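You will see two complexes here that share chain A, one where it goes with chain B and one where it goes with chain C.
Showing the complex of A and B:
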């Protein structure tokens, strides 16, 4: 009863203040139990990974120890060791940190490019829109995975930075298309025409007036993309065309399973990394799905 | 309709052109050229003969002339020579192409076989426990990366339980052409195809589910129900009729995913197809094979989307207006 009263007071307050879209997203997410659990789990994982990565000595982890090759889990090595006698747990933490950081960077970079291009195409329309959309259509039908692998293989001085650039070069298109479609609809609304009549410069209308109205869609899209990007990165690293050797990824640990003996008998080498990728991706996806429901007024929980 | 098809094909021409330029530029950017491969056969060759050979192969010509020659060869089905295998790329591909097509076809078939009934159940009995289970499955499968799922499948069903073979496309001792041969081949296909299909269903399930939920409250369905048509017939004749064709049309869009998927599946199940060849070639720096494979995959996706667009516009005239 108490809770109900609080709720109705809350709602009354919300109505009078017209809560910001970010607040609605947050409120909806808290109501979705699965998403809430995912958020807690993901935060814990990230806290542990980033926290302990600070104290880990990377040199010590990548040091080859021939006396304990493929040691099963023990008190000294909680998750055992790999073919070089290196501690799996340490590699797992560093790999998770690298995978997540790079997934996030790619998401942000593609988000930025997609946003800028989508806004421009949708707002101006006409020939600019046409040209941009043709380019996007073209990039979308390219065999993405193959081309990324080819680029990774032939780029001279390959490093993490070039990897992020190569991935971003292909992945901004989906976002640009989405933003463009939404901007196209937004452009026809009265507030934009009014602002135009008042003589507001185009860039100001785009950034300060249209953009805030797209924020919830952008957040949803970026969240779901983050999961996808971590998946693609670890998949490429699994194939050996992802992060360079100096920055191990979760996919690198999984790739040890290409050796049938490791896959069959030494589960501690590849299974923890696989599960960690799976858990991270599931959590982010559940959060993203909840945000998606929240962003769509018809599907809100209340 | 005809106008739309023509316009859609016209749109493909610049795409084709740019694709070929892109692939050609990539081929040029790769270290080594057609000569490097032949050098492998006769390592001792003096600088003069080398120059002559380069001249003869046209490697000293301006880039645009080389490009035109490359396209001409491509149209004639001449994809160059593999440095590593020392045989024409076309021969190398043809053997593996069948394997990859077979795998992709199986993945697609299984995807549809799994997804359509699940989508039906989930849409028809919305919010039942079965629906919740199916939606849960589709969320999880959407979030699972293919390579991890395939590895776990191989680990559990291939190694731990030993139900399926763990690699290759057919056992060596089986005689070619016999019934056993085909059964054996199918047996090798099943686990990789299932791995690909089980996590590729999410799009179809969600589409079918929301279509049914939207359609089942429409007036024409109510009319049918009021006339006393049995529920099962309402679904098969009235509701699903509109949903099935678009699903079939998605086929073309799936090609990009299938190509990417076959790279992972073939490398995990050591299945001798184009995806495996692609990875091997790029590691061995056999770039003429790589170029050919990228070009073929690009072509396949272009044609796939073309077909899908045409089918979809035939089903749904609203698409044509744009």
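Showing the complex of A and C:
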């Protein structure tokens, strides 16, 4: 009898607390083995990268050592050295940390700006929408790469943060467009009209009513963008317009492969960085797919 | 004093064309209509699709801006109120939406859906709020535990009841029901309609009932207005209009109601043929050169028709 009572109390408690969104995400992750493996791999990589970066001395790593130029992997240098005799493993770790941090910050910053502007443009429509969309069109027609290169050249104190700001200034437009389009479709639905008739203020309708219904598209877009932004950062560094060479980046390491000799004979210089980029991007994409399903009740596996 | 009075309400949409997007004309969705609602009655708006009945309802509640005309609720013009007063009066008018699927936010639990107006207008503790929501959800015939479910876990009829519970939360005086049952199947329609009648007396509600289904209108409404192309063609007490239709459009609508009795089939066919003939012969009496109705003319205390 007592057990029964406890059971029914437990059930009542379970019912009264609908599963939190975090729990749903977790359940979805466990059901999808590929996403779970990706999550484990990505967390391991990030843990190792961020953990060991604490103990590495960046100045020591980027110091040129003429005695060990292009040294193959050995006990002293696990992944060999580059043309300056610098340790590849150390550069790899610090480079991965820099690339990931930059990618993440750009994603968050552009996501925030794009969300706010997209919601406002889509919800109010009319003149506001028109003005915002024309500004976005203008930014989109500017040659992105060229302007980034120009900015990189003219900014006096060029460091990681100015780089993030320059990138974000151009990359928010795509997100704003996407969210505007979804908001336009969403605001025509009756539940938005219902909220209006119930006296809910506009900002509350945008944040509490429309935003949750866009969450799946936002999460998927942000995760995919995270992978993309890491790629853009690496790409710019590869071209020589990303981070300065004194700040290691995955792109810098890959760019050493432009030398045919390095590409053919000295795999340890560029292969680890390329593989790391590939693995990180794949992991992020697989996790993104699982998140996408978790955000939509009809697609869930768990 | 009338409870709600609508005077010369017009809702026009501009038609733009050409390079400079100049206004070349107007779609007259609602073209100069006037009517009034008495407290506690059910007023039906009937008409074919596109005749402006939904636009009228949405204008009354403020979702669409009126081009001209006034809407007086208990003597106060809703269009002339400032923001604060309007949000206060908003409590008095609520709406039941046509589509029970899109009118409930799929990401919110029933508790949050029904509590939304409470959170906007009243400061209640979570317990009080929950008790109130549970009372309402029980009143519309759902289990009190269902407040923790999501809308997709309910059937169409149950969803429409949730919509009704939400509309009742603020104790409104007027409920605009925009085709509340046209998305439901027939067995559930009767259930929801009878339930709406029950709560009408309990909560002292006035209904503006918008529908294209004359059978439902006859069942629900005390007075009806028949709309055609944004105008009224006939208005009056439900009995009078159904028993003694004057306008040819009304006659055609009523003759189109299907009759379930097979023995009366021939009679019905004859009636339709008769009405059709009358329509062809005398439509100039009812419509002007543009095909629009004439102004309403009073033929008895409770009956007006748009004829010359």
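The rule is simple: the second predicted complex is superposed on the first by the 252 of 302 C-alpha atoms of A that agree within 3 Å, B and C clash if a C-alpha of one lies under 4 Å from a C-alpha of the other, contacts with A are read in each partner's own complex, and residues count from 1 in each chain.
Heads up, the rule we're going with is that a contact is a pair of C-beta atoms (placed from the backbone, for glycine too) under 8 Å apart; a residue touches a chain by one contact, two chains touch by 3 or more.
On a predicted model such as this, the values are computed, not experimentally measured, just so you know.
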So which one touches more of the residues on chain A, chain B or chain C? B
For A:257, decide between first (touching chain B), second (touching chain C), both and neither. first
Return first, second, both or neither, reflecting whether A:145 touches chain B, chain C, both chains, or no partner chain. first
Output check: A:197 vs chain B and chain C. Expected answer is one of first, second, both, neither. What do you get? second
Check whether A:234 is in contact with chain B, with chain C, with both or with neither, and answer first, second, both or neither. first
Taking the superposition as given, does A:189 touch the first partner, chain B, the second, chain C, both, or neither? second
Which of chain B and chain C A:277 touches, first, second, both or neither: first
I'd like to know which partner A:153 touches here: chain B for first, chain C for second, both or neither. first
From the superposed pair, tell me which chain A residues show up as contacts to chain B and also as contacts to chain C. none
Looking at the complex, which residues from chain C come into contact with chain A? 58, 61-63, 87, 90-91, 93-95, 97-99, 102-109, 116-117, 120-121, 145, 148, 150, 152, 163, 166, 170
What residues of chain A sit close enough to touch chain B in their complex? 134, 137-138, 141-147, 149-150, 153-154, 227, 231, 234-235, 238-241, 251, 254, 257-258, 260, 263-264, 267, 270, 274, 277-278, 281-282, 284-286, 289
Under the touch definition given earlier, write down the residues of chain A that touch chain C in their complex. 15-18, 189-191, 193-201, 209, 212-213, 215, 297
Please output the residues of chain B touching chain A within their complex, sorted ascending. 14-15, 18-19, 22, 26, 29-31, 139-140, 142-148, 151-152, 154-155, 159, 166, 256, 259-260, 263-264, 267-268, 278-279, 282-283, 290, 293-294, 297-298, 301-302, 305
